[in-house]
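Labels run A, B and C following the written order; every chain starts at residue 1.
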Amino acid sequence: MSLSPVEGVALAEIESGGDAEAPERKGVVGRSPGQLAWARLRRDRTAMVSGGMLVLFMVLALAAPLIQMVYGIGPREQFQHLLDGFGMPLGYAGGVSGDHWFGLEPGLGRDIFIRLIYGLRTSLFIAFAAAVITATIGIVLGTLAGYLGGWLDAVINWITDLTLAMPFLVIALALTPTLVLRFYGEREAVSPAFGVGVLIAVFAIFGWTSTARLVRGQVIALREREFVEAARASGAGLGHMLFRQLLPNIWAPILVSFSLAVPQFITSEAALSFIGVGLSDETPSFGRMIYRSLDYLQTDPAYVFFPGVMIFALVFAFNLFGDALRDALDPKSSR
Amino acid sequence: MARFLIKRIFSATLTLFAVSVLTFLMFFALPRDPVTGMCPKNCNPERLERVREELGLNDPLVAQYAGYMKGIFTGRDLGSAQGGHCDAPCLGWSYVTNEAVSDTIARVLPVTLSIVIPAAVLWLLLGVGLGMVSALRRGTWLDRLAIGFSLTGASLQLYFVGAVLLLVFVYNLRLLPVPSYTSIFDNPLKWASGLVLAWVALAFLFSAIYARLSRAQMLETLSEDFVRTARAKGLAKPKVYGRHALRAAITPVVTIAGLDVGGALGGTVITETTFGIQGLGRTAVDAVRAGDLPTIMATVLIAAVFVVLANMLVDLLYAAIDPRVRLR
Amino acid sequence: MSPVEEAAARPVTETEPLLRVRGLTKHFPVRTGFRGRSLVRAVDGLDFDVRPGETLGLVGESGCGKTTTGRMLVRLLEPTAGTIEFDGRDITHAGRRELRPLRQDLQIIFQDPYASLNPRHTVGRIIAMPLQVNGIEPPGGVKARVQELLEIVGLNPEHYNRYPHEFSGGQRQRIGIARALALRPKLIVADEPVSALDVSIQAQVINLLRELQRDLGLAFVFIAHDLAVVRHFCQRVAVMYLGKIVEIGDRDDIYERPQHPYTRALLSAIPDVTRLGPGGRIRLAGDVPTPLDPPSGCRFRTRCWKAQDICATEEPALVPRAGGGQATACHFPESGPVAAATGAPAVADDAGPVADDGTAGAGAADGGSGTTVEEVSK
């Protein structure tokens, strides 16, 4: 097929001025959207400070047995000789001293500092496990509902609505002892690990809906995008569509929702323990400590202070970091 | 609109039905033996068996469920040990408290309402107001203060805040009495002074969340074209913000508020436990501790009814404001 | 330029068609009002063939069903009725596995170069995607093939590790073209491939497509609302109105001897820099009727200045007139060159300069909306 000469020249002229479209940059390896977000996060002071705090908390939690060795006191050791006749710790601010940095629990006389360290461990473990499980369930159901649509979408949506209609705290409250009773007899001792497992299971049952909703919405928005159609036009199967085309584009909101779900689970775990159904008294937990401390509110205010501030700092750091992460991943959003 | 209403009521009924079946299964079918927990001290096997029989636990599950539902809508006859006939909203008989569960609920529901409704008014006014002001004064010290407030509030625990409030206002300053419930009809002043700490604690945490939410919504709305057009048309600032932007920004806030209030009515468990007020939530906790199945079941159902009703109300409100919703 | 030269270069017309479309129909159900379902007749019975190596232009206003047609051809949409035969095989309702071997021969280029590339993938991965999902290991490896493709579409082969956001619109469209070429297709459906690009970039991309068509012997279904671009690129042209083809024929017949009043109206809306002012512009009255309830008989009759009673009662068939390959669906076809109807110099005389001064892709024929100031000033 021949071009007419005149036309050819005219178009050739345009062509010659053409490829200066994009600024040439040194190096041919491009920076992925993920790398760009990471760079933004690195520049964000709040993110770095809160991230540092989180790392510190995690190290403390992981190194709890090591800290116990150095500190020399275990979480279940009782120091009755440091309590007065009413079970109140001797000395100032709940018995704060060189040996007991945050003082002692009234009544049982256990060391608050080491119990907080172990409580951190419990709290973070439960929260992360629950967040990972709920994110997985949410991603799977959300992608399937959003991508396949139809009756599957309707069913998953209905289950989501149903789960949201269940009063979480009351059901969790009632379900936990029921489950314990199911597997243990009335007077049998319940192993602490079982209590933790039940808590995680309850969180998993009720916690997946928000991720599923988020993912479903994102997938529906992406489903009609042309790059997804391009893959379909090339004959891509379901697996390729979901894992290669769709998921890489929604990990940012998933990551943000994950980072904000962790503090929520920390709060929920503490709340359940506070009500007194989460964990047995043996397992160190923030919620449990605060619940016990309410009885001593007038006589030993320091007891409520340490766990309260600790859990605040933990949740605060997570929330700050989650916000910063959102800003880094989606620079357009204004918070 | 009528069609939407019918559809919405139908789906709400369906959800409630499913919730009731699920909770029923959860509490009556899941435990190894539902009676063991609720038996008073020094139980002998004969007494256990009698309780089981009176509760109908030996019947097939479907019959148990049908009986329970029949009790709610028409009332039913319970054994003489359970107070004989039980009138229409019959939720069963509690062996732990030795009264009809509906009586217990009737006693504690006003308590929870008295906590939640004033608190909700407080947190909506404070939260939305703060969010709007900080969006309109973006970047000023006021905005930064509001952001700090909402971040702090969102990270605080209700029981910790409650404990601090108790410590300061009740135990140290002695400005307020120890929290308790008095009926508003008996003594409004005592009613308010007994509950004000609970309101403040709830409102503080929730308004932090609402300030954050409404600030984000308002900022988004302000950057939208129709607001800019309204400004460009020469409409005065208060008019644009008040009439156009506020309305658009507040709708999502209303949705969440509806759900939160609905959820809170189902029992402010933590608040009631912290302040030692016997409302629906505390009743649920006590029932769980005592293994009082009929009361647990009733509290869960009532909480679910509140959530579903709130959900429906929000949807209807939406449909009234925005005609597009009806077509979905 | 001379039409005779073009005719000589056209592939032999007697060969078996590569793509044969008969009665192709797509109806979308929509919910309306209180409680009713009705159908949007987006595409309503199309017949056309595309021979190997041929370029067929599909033109019409927005909403006339061009894009729906394109998506049905590559089976992104399921046709309501009709058949699509590709290379002698009926693919109208073929499943994914049956389509696999055909996917390699049938590819699509999308309109929006910003939406059609996965922002999280490198250019290399994007172009290699069709190879990957079809399990094809090209000789010399995937990377070599990707670099070869990048070179073919005029991009730096070293850029395979970059991300789409690092490229301009024109470059992104080249990436989309490279992806379509990866499987060495025989037919490419190009869905408005240049309408989202700047005018100066449009010409480059069109030239690239043209070179590819010539070098690789590709057939194209080229969907566009821009008559000037179509004239530049396509050998045959089909004009669509409200889901139907109203006229189909060789480029020169369509542009110089249009028979359907609608085609005439569209052509008269091409901006002509040599003649400013209202000139021979045919202004259509009213709006396009809704495809929910298209007019009876001839769908164009509500806006046609020649409409008679018969147009409302009887639907004109798409029948060949004046021998040749030109077919028109009209009871009262026009005859003679464009000039006769417009009372202005023949368009053919002016078309050269329009293309030559670089505004070939000015894109002003969008829905017959007329010339904007910006375009005239170029």
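In the analysis below, a residue touches a chain if its C-beta (ideal position, glycine included) is under 8 Å from a C-beta of that chain, and two chains touch if they have at least 3 such contacts.
Keep in mind that this is a model prediction, so the values were computed, not measured.
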* Distance-to-centre winner among chains (Cα means, whole assembly as reference) -> A
* Structure fact -> Greatest Cα-centre separation from chain C belongs to chain B
* Please compute the C-alpha centroid of chain A, do the same for chain C, then give the distance between them in whole Å. => 50
* Structure fact -> chain B to chain C, mean C-alpha position gap in Å, rounds to 59
* To do: Starting from the mean Cα coordinates of chain A and chain B, work out the distance between those two points in Å.
  => 25
* Structure fact -> Flagged in chain B as touching 2+ other chains are none
* **Of all residues in chain A, the ones touching two or more other chains** => none
* **Residues of chain A that touch chain C when the two form their complex** => 1-4, 6-7, 10-11, 13-15, 17-19, 21-22, 25, 28-34, 225-227, 229-237, 240, 244-245, 248-249
* Structure fact -> Within the complex, chain A is touched by chain B residues 15-16, 18-19, 22-23, 26-27, 30-32, 36-37, 151-152, 154-160, 163-164, 166-167, 171, 212, 216, 219-220, 223, 259, 263, 266-267, 269-270, 273-274, 281, 284-285, 287-289, 291, 296, 299-300, 303-304, 306-308, 311
* To do: Mind listing the chain A positions that touch chain B in their complex?
  => 161-162, 164-167, 169-171, 173-175, 177-179, 181-182, 185-186, 263, 267, 270-271, 274-277, 287, 290-291, 293-294, 297-298, 301, 304, 308, 311-312, 315-316, 318-320, 323, 334-335
* What residues of chain C sit close enough to touch chain A in their complex? -> 1-2, 5, 9-10, 71, 74-76, 96, 99-100, 103, 107-108, 110-112, 115-123, 126, 129-130, 132-134, 154, 156, 158-159, 161-163, 165-168, 170-171, 176, 179, 183, 200-201, 203-204, 207, 210, 213-214, 232, 352, 355-358, 360
